[in-house]
Structure formats: structure tokens, C-alpha cells
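Got some structures for you, see below.
Shared between the two complexes below is chain A, which pairs with chain B and chain C, respectively.
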Partner chain A sequence: MNPFGRYLLNKLFWYLLAFVAAMALNFFLPRLIPGNPVDAIVSQMAQGGGASGEAMQRVYDTYIVEFGLDKSPLEQFISYLGNLFRGDLGTSLGNYPTSVNSLIGAALPWTLALQLPTILLGWILGNILGALAAYKGGWVDRGAFLGSLAFSSIPYYGLAILLLYTFAVALPWFPTGGAYGFASSPSWTWGFIADAFRHYLLPFLSLLLVVIGGQAIGMRSMAIYELGADYVGYERSLGLREPRIVRGIFRNAMLPQITGLALSIGALAGGALITEIVFSYPGLGTVLFDAIRQNDYPVIQGVTMLITVAVLAANFLVDLTYGLIDPRIRTAHGAGA
Partner chain B sequence: MAALLSVQNLRAAYRLANGVELHAVDDVSIDLREGEVLGVVGESGCGKSTLATILALNAAPPLYVKSGTMQVQGRHADLTESDPLPRSERGKLISTLPQSAMNAMNPTTRVRDLAYDVLRAHERTTRKAAWGRAGARLEQLGLPTRVLERYPHELSGGMRQRVITVISTLLDPTILIADEPTSALDVSSQRAVVEMLKDLLARKIISGVLFITHDLPLLRHIADRVAVMYAGKVAELGPTERVINTPEHPYARALVGSILVPEPHIRAARVLGIPGSPPDLAAMPKGCRFHPRCPLADTRSREEVPPLVEVGDSGSHFAACWRTLEARQLLAGNLVGGPDGRVG
Partner chain C sequence: MIRSLFGNGRFRLSFSLIALIVVTALVGPRLDDRNPLFAVGGRYDEPSSQIWLGTDAIGNDVFLQLMHGLGTSLYIGLVAGVVATLIGVAIGTLSGYIGGLLDEILMGFTNILITVPTIVILVLLSVALQNRSTLLLGVIIGVTSWPWTARAVRAQTSSLKTREHVDVAKLSGAGTFGVIMREILPYMMSYVVMAFVLQLSSGVLNEAGLSLLGLGPSQSISLGKMLQSALQGEALRTGAYWAILPQTILLSVIAFSLLLLQSSLDEFFNPRLRRR
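Right, the complex of A and B next:
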């Protein structure tokens, strides 16, 4: 087997190990939360009144068996893993009998719609801004750098609350929450799309500005470093055209930025949980938040598993592409693995 | 002999953040003749690399050229301008050979792509044609063409320096400014680079080389003339053998003497190192800049800057010293007096 293939296999093994470890944590950590989801369900039913204590006890026992909570934790874990490989994330305890798959399926599109454009657009705009600041210098640099620093230093949920208060409460230009108005329901009509867009703008902006700021700062410092490199002076003295030189500089400065992009796409699923909560956006963050409040183990596990898989996959992708992009790392892999 | 490159009254300074200017090159005039290698030698901080940077047209803040003109093949350039020569002339009229090939090559660019970029910047060419030309040049100079496929980090240090020499001269530049091209190399690689430069001159691919180094013995193998720099000024200028065998400026004599040379007549004139250290560029001594370290300095040396004037009768040997005559007398006396005579 060639060295790169061996390197890949080696990496794959470690990623698999990390995955199993993460799954174990996923399974056991929610169960350490005091309380029991069945208690919550039964006490809710009891509030309705009518049922006797004995009947309640029978309902309780039925749920315990139904959710498999009577088995030992290890048995539960093994059956959980088995279900996982069949693609079955189980049934929600809090929204019984809705399946976790359908809960996540309904929330995921909203999270993707919010996060994917922010990350991609923010990454592109941030890199252009950072490169421009480094290349132009002077006041362009000072302005771009200070602005980026300010936006990337604010916690993203802080900016979310700030925007929410300013443009939805103090100046009621935008709705305060939700993905669409109470009166409308999702459909592909212009009316709904316009309504969804109005709800979309504030959470989108609150994330976009932070991403741009962070990317611009990273790109700027990398580009300044590359601009000062000896090869730039050498290429200038050989009369190379400026766009040609600049392209080389930015390709080198991009290398760490590409890692950043892959990682933030990986963190996408869990990246804006609080933004979704602030704007009551019906994405994964809101689902996870509700699940934690209700001790809804299967949903918590489902969401965190999705996040884990995405982060691991992104890291693996970074390991792969980095070797392809940078010849120096390719050589090191070839020799070392 | 016609001057290929003529630099007049070059002054340049580094401007510090607090407004202080460090004059790294002060009133330097140098001629490079057709087919010649002119060596520029001096210790660290004497201004030789600053000179190279300016002549390579690479001066950038905090380095500012205060005055100076350059004439290359009938073209006149004002070095104080931000772009003394148009881009299309760079690399063709004047090219540079930098010290560290590792840093001078973009780490993610293959040699062949750099060669293509260099050729394409000056003429219409295709990738294939450019690679072909670079390959032919490599073969002509005795290097394997497979290095074209390589990234800089895949080449050994010596090979990298030879490859970058080929890249620097790919456009058949009239003048090559070589800034310590051999300083980071082992002796056999140094030799290879020097032989390559001679080969390039013999084949008339390049017409003249300004070779900057701190390695005086190396210059004996390549330079026709040598300029000794001290504290931003040319202290002595002359044919290599004359400067090494009969240095006139006390600093040049000390520099030659501080190097192990087997010939007895040079060993005889040996001094034990040079006392003191080069002056602080921010607080340059008045008069001759070497006077605080010079055993022969007199009142005039401390007050007036000595001009670079002809010494002896060769018509080609110059030194900037008020006391050359006295130095020669003293030296003659010492040689008679004892076998390990010293100056001062």
C-alpha cells in the first residue's frame, strides 16, 4: 500500500475510535442529569386528574419498559448503538410518540438555511476584506481591522441580542422571532418567502458579521506575513506582474483559512444554538434546548450525534485536503506515515 | 572600457519610527564594466546588502533612497523614484540573485511554474515553450532538467541555489546583482555557484555581475575588481589582486589581514584583528568613519571626510584615506624591522 493510503487508514482508525468514544459520552452524559423523563410525563398526566395512584403506577411502568429504562445502562447502550446503525435515533420522550428522526428532519433545513449561507458568504467576504486590508494598508487597513476586531470580539449571541433589541424592539422594523409569521404556514408562495426572509434577516446578519470579522482578521495577518516574505521581493525584481505575485501570496495565505472553513462547516450543526434560541428560530438549537429542559435523552443524543459526526467528518476532510493543497505536507505524509 | 552600470552619489537611509535616520549607504559611486565581476566586500552592517537591495530596485520602507542615479546601457534612472525602471525592464536589464533560495522561492510553486511566470511576464509564451526554454538552459549549465518538476523544499540547498541562479538569469539580464549568493552554502556548493556565474559570463548570457559578500577569499576566485565598504562608504576600490596584496586603506588592510592567507608577503603585513566595532549608524563619527579604530588617524582624519582618490600609479586603484602615504612608509619600515611586522 502506498504511504498516503496507509496514512489514510491510520487516520480513519483514529476517527472511528473518537466516534465511538463520543457516542458513549453522548449516551451516558444526558442520563447523569438528575430526574427521569418518565416522571415528567406521568406528572403531567397526573395534573389532568382522574387516574388513581395504582393506574398511574401502571402507566409509569409501561413507559419505563417502552423506553427500555428498566434494563441496565450497558444493555441500553448496546441497543442504542444497534438502532443507530439502522439509522433509527429512537422516539422522543418529550414529544411522544414523534420519532427523533422526524424532529431533527424538520429542524435541520432551518439550521442549514441559516448557517450555510452565513459561513460561506462570511468566509468569502471576510477573506476578501482581510486580503484587501493587508494589501492596501493605510486607512483601509485600519478601518477594516478595527471593524473586524470589534465584530469578532462580540460573542455572536451578544450581537444577536443587540440586533434583536435595536431592530425588532426599539425600532420595530423586523419581527422579534420565529422563522415565519404565526398566520402563515410553509409553502412555496411569494408571500411566504417574503415573510420568511423578513424573519431570516436579523439572525442571518448577527451571524454573518461575526464570521466576516473573524475571517478577515485571520486572513489579514496571514497575508501581511506573506507580503513580507522574501519571495515577493524576488518576484518583483524579476519583473513579474503584480496580479501574478498577489495571487501567489493569497494562495499561501489561504491555506490556514481553508482549514477554518472546513471546521466551521463541521461545527455548523451546533454553531448557532444560542442564535436560534434568541430568535426562537425552529432549528436544531431550539430542538436541543427544549430536549435538555425535558430530559429528552433520545433527542439530545440525536442532535449531539449529528454535531459529532459533522465535526469529525470536517476534520477528516481537512486532513485530506490539506495534504492535497500543500506540497510540503504531502511530502511529510509520504515520508512519515 | 565602457561602463555597463554606473551608479552615482547613492545615499540611502533607514527611517526609524522615532524619526531618526540611519544612513546605511552614504555617497557611493560605483561603475561596473562590460564582462566584469565587481566584488563588494565588508563586514556586517557596512551597507553592502542595502546597496544590493537598492540596485535590485527593491528598496521599500523603511529604506529610503535620498539621492542617486543609475545608468544602465544608456538608460538613465533616478533611484529616488519608487519605480526607477519600468516593470518590463526588471529581470531583463537588472536581475537579482538572492541569498537564500529557500525563502526567495514561493514554497507552493514548482520550479517550472516560476520559470513560466518569469518568462510570461516579459514576452508572449506558452507553458510548454517556457518549460522547454528553462529545461534547455538547465542542460546548458549542466543541471538535470527534472528539477523543473520539483517544489523548492524538494531540492537540496546547493541545488536550490543553482536552480535559482538559472531562474535569475533566464531572461538573459545585462547585469546580475548577487547578494551573498553563496553565504549559506558549503564549500563545494559555493564553488558550483561561482563556476556557474563564470560560465554565464563566458557564454555572454549575462554581461556583468555585482557580487556582494563578506567572503574575501571567495572573491579571489571570481571578482575582477573589489570594492571594500566600511560604514556605508567605499573605503577602497581596485583590481582584486592589488586590493588583496597591497591594500591601501587601513581598514582594507586590517580586513585582508584578518583572513588566513597562505602567501608569506600578505602574512607579513598581518594585524591582530581590528580593535573596536563598526560605528553606530545613528551616531557616525566626524571625518573618516574609521578614525576611532584606526592607529594612523590624525587631526585631519578626525575632522575631514577623505575622498576616494587614486593611489599608486596603476590608474585603477583608489582609497579613501588621508594617511595612505604614511601607512605605506610605516609598513615598509616594519617589514624591514621584523618578520611579523604589524601596522600600528
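Right, the complex of A and C next:
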């Protein structure tokens, strides 16, 4: 098998293992909760009043069957896997009888719209900034470095709160939360798109700045390291032109940055979920928060499962790109990397 | 060595900030023995000469809560940092020094944990453990964040173990544990310290993140829980900036100064990162 195929197979194997591990955690951890989760939920519902004793009993029985709590743990796990592969995440306990699929389905577009552009754009801009800082040096470097350090060290939610306070409360330029105004409902009209964009800008910016900061720091230190490498001095002494040398340096510094992207996607996804809560953005983070507050285990499990799958898939894509770019893996003559 | 460390401006700045924060957390709660969970006023009273930072949504003294919450947050971060560093160093040194099958197994496990998003493990663990003391929360955060340290420590160990003094120790009959403790660990102390600083920072931030998701420590006040109750109480939208900005800024300053400390230590210990 050629090195690229071997590299891919190896990666695939590890992602599969990680997936299985995550699935096992997802199944077993919520079942560690002492007592029967259904008891807690039904008693909570009973306290809320409204439903009669007979109705409560019906809800209880439905939940027991829904959860499969009348079966052995092994049977439960197998049916859990079966449902998972059919794409069925179960039924919400907090918003019975809404399916977890439809809850997540309604939230997912907002989360994707927030995360995909910030990750890609932030990565590109961050690398350019880091490379510039390393190459220019002096005050450009000092300013870019301290700025990046500040933006990447401020927690996502911290920057979100500061931006929200400054640009939505102190200076009321932007709405204070949500994905669109109360008066409008989602539709493909210019009015709605403009409204959604106004709501989008602050959460987008708060995530983008953090990503830029983190990537710029990584790129800067990689590029400084490469700038001091022996081959650069050698190229200079050969009389190579500066732009050509610089291109070589940054191409070499890029490779670890691609791995860096893969490794930061998980943290990014987590940070973005919490940012949604700050902005009451109707994405997966808000769904997760509501589910945690209501002990809605099927929804919690559905969201964690989806995040895991998305992050693993994104990582695999990045690894695939890396394999295509890195000459040591790409060429059949590679030294078995 | 200490003197040349203090010659670095970044180190001086970050060290003074951290010292100030730690002293505040230790001394602050002792200056005022009132219960921070006891209401002193109405909903979102403005800052005044008595209540320096006003009150929160249920009338608690924000300044008093901040003093107590800071200590809790630092404590959780410290527990998380210690747990993560200990596990990371143990797994990293064993894996790197012994090598072979053990290395494969331990690193396989580490890589799996790195790939599964931390937030997923954190949320599932916290949901499963319903009654979370500050200690337990610190441990939960610690056991989810060691893989990075393990990986870095393993890389260091496998390069250190080829050194001559390690061979000498082995020839003179030292056991695996003795070699790791005396011949490997002391030579990478700088890495371990830097890893610990990073773990500390991520521990404090993870506490706040979990609290924002509603999974904070039960029955105690932390910076994260203050943040969460302020957000839930619509402090921002009602203009009660005093109830939400202090803990946000404090968390950011803690994270920034720890990261700055780590980067100044990094430059100090790795001269290759300095410009030539």
C-alpha cells in the first residue's frame, strides 16, 4: 500500500476507536445517576401540577419503555446503537413528545452558520497575522503578539460578554441577543436576512477574534523558528531572492498549523456553544443548556453525540488535507512517515 | 537565574498580576465575615459607598461574592491543574521510558481522549455526578485535560532516556521508578512547570464554562456561577454592568496573566524561541 493509503487507514482506525469510546461514555455516564432518571423527571413534572395521577402513570410507563429501562443494560446498549445508526436520537423528556432529532435539527443551522465561517476565516486571517508579525518584527510583532495573546487568552464567553456590553448595551448599535428580532420569523426575505445579519455580527466577531488570536500565536512562533533555521541562512548565502525565501519559510510553518487546526476544532466547538448561551443564540449550545437545566438526558446525549461526530469528522478532513499536502506522506518514495 | 527571569518584562507583569490575585483570594474573604449568599439589598442596587459593586439579581453583595468566588475558582483550577499534571507526567514518563507495547497502549488511550471533544466528556461526567463539590469538580476537570501534558512529557522522556547519565544510573542498578524520578523528571522540570501553568489556567476557565452550562459546583459561589446567574438574571440587558463585568474581567485577567507567565517561561527555558 502506498504511504498515503497507509496514513489514511491508520488515521481512520484511531478515529473509529475514539468514536466507539465516545459512544460508550455517552451511553454509560448518564446511567450512573443514582436512581431511575425517569423517577426524577416524572416527580418534577408532578410538582408542576396540571397532569392527573393516571396521566402521570402513562407518562411514566412511556418513559420507561422509551428509555428501555425494562431491559438489561446490554440489551439497552444494543438498541441504543441500533437507534443511533438509524439516526434516531430518541424523544425529548423536557419537551415531550418532540423528538430529539427535530430539536437538534432546528438548532443546527444556527450553530453551523456561526462556527464554520469563524473557524475557516479565523484560521486564514490568524495565519497571515502571525506570519506578518514574525517577518516584520519590531512594533508590528509586539503589537500583534500582545493583541493575539490577549484575544486568545480571554475566554470565549468573556469576550462575548465584553462585546455584548460595549456594542449592544453601552452603545446600542446591535441587538442584545437572539438570532432575529421578536417581530420577524425565519424566511428568505431581505428584511429577515438583514435582521438576522445584525444579530449574527457580534457572536461572529467574538468567536472570530479568539480564533485569529490563537492561530496567530501558533503561526508566529513557528515562523520565528523557521526564520532562524539553517536552511534560511544557506538560501540567503546562495543569493536567493527574499520573497522566495519567505514563501518557503511560510510553507514549512504552515504544516504544523494545519495540525493545529485539527487539534483546536474540539475546543472551538465547545467555546462556541457557550458563546451561544451568552448571546441567547438559538443553536446547539442553547439546546444543551436547556436540556441540562431540565435533566433532559436524551437531548444531552443527542447533542454530545452530534458534537463528537462533527468534531471527529472535521478532524479527519483536516488530516486528509494534511496527508495531501505533506510531501513526506504524499509521495510514494516518502520515508515511511 | 531568578534575577534574569525578573529581567523579563512579561514575566514581571504576569508574576505581579498573579501574586495580586492570589493574595486577594486569600485575604479578601477574611476581611469581611458576612455570608456572601445572604441578601443585603434589592435587585440590582447600584454600586454605593457601602456596597462597592452593587447587588446582583437576588440582592447579594457582588463585591463580597467576588472575594469568595475568586478563591473557589482558583481552588478548582489548582485541583484540576495538579490532577492533570500528575496523571499527564505519570503516563507520559512511563510511556516514554518503558516504550514498547505499554507505550502503544497508553498513547493510544491518550490520543483517543484528545480526539473526543473535551466539552463532551466534561458535560457527560458532570451530568452523571449530580452532587459536585468544588473538589470533585476540580478532579472532573483534571481527569479530562491531562492528555496534552502526557503527550508532551512522553516526547521529552523518550529524548532524555538516551542520555548517558540515564545509562549510568541503570548500570548502577537503579529501578525504573528511581531512574524516572532522579534521572528523567528533574531534567524536564521546566516543561512540567509550564504545563502546570497552562492546566491551571484551563482549569479556571473550564469551571466557568461548566458553570455557564449549568454544571457548576453545588452549594458554593465561584466566578463561573456568578457569571451564570448574572446572565440568567439578564444583568446585561437591564444595564446592571456591575453584576457581570467584574467576574468577566477577573476571569480574563487570570487567564491572560497565566498565559503570559507561561510564554515568558517558555522563552526563558527555550532560547531557540527568542529572536536571533
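Following the convention adopted for this analysis, the second predicted complex is superposed on the first by the 254 of 337 C-alpha atoms of A that agree within 3 Å, B and C clash if a C-alpha of one lies under 4 Å from a C-alpha of the other, contacts with A are read in each partner's own complex, and residues count from 1 in each chain.
Note that in this section a residue touches a chain if its C-beta (ideal position, glycine included) is under 8 Å from a C-beta of that chain, and two chains touch if they have at least 3 such contacts.
Fair warning: this is a prediction, and the values are worked out from it, not measured in the lab.
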item	value
Residue contacts with chain A in the superposition, chain B compared against chain C	C
Chain B versus chain C as contact partner of A:I224, first or second or both or neither	second
Partner chain in contact with A:I277 - chain B first, chain C second, else both or neither	second
Touching partner for A:V169 - first (chain B), second (chain C), both, neither	second
Partner chain in contact with A:L74 - chain B first, chain C second, else both or neither	neither
Doubly contacted chain A residues - partners chain C and chain B	none
In the complex, chain A residues that touch chain B	229-231, 233-241, 244, 248, 251-252, 326-328, 331
List of chain A residues in touch with chain C within their complex	14-15, 17-18, 21-22, 25-26, 29-34, 137, 149-150, 152-155, 157-159, 161-162, 164-165, 168-170, 176-177, 221, 224-225, 228, 263, 266-267, 269-271, 273-274, 277-278, 288-289, 292-293, 297, 300, 304, 307-308, 311-312, 315
Residue ranges of chain C touching chain A (in the complex, touch as defined)	108, 111-121, 123-125, 127-130, 201, 205, 208-209, 212-215, 227, 231, 236-237, 239, 241, 244-245, 248-249, 251-252, 255-256, 258-260, 263, 272-273, 275-276
Chain A-touching residues of chain B, taken from the complex the two chains share	56-58, 60, 87-92, 94-96, 98, 100, 103-109, 117-118, 121-122, 151, 153-154, 167-168, 171
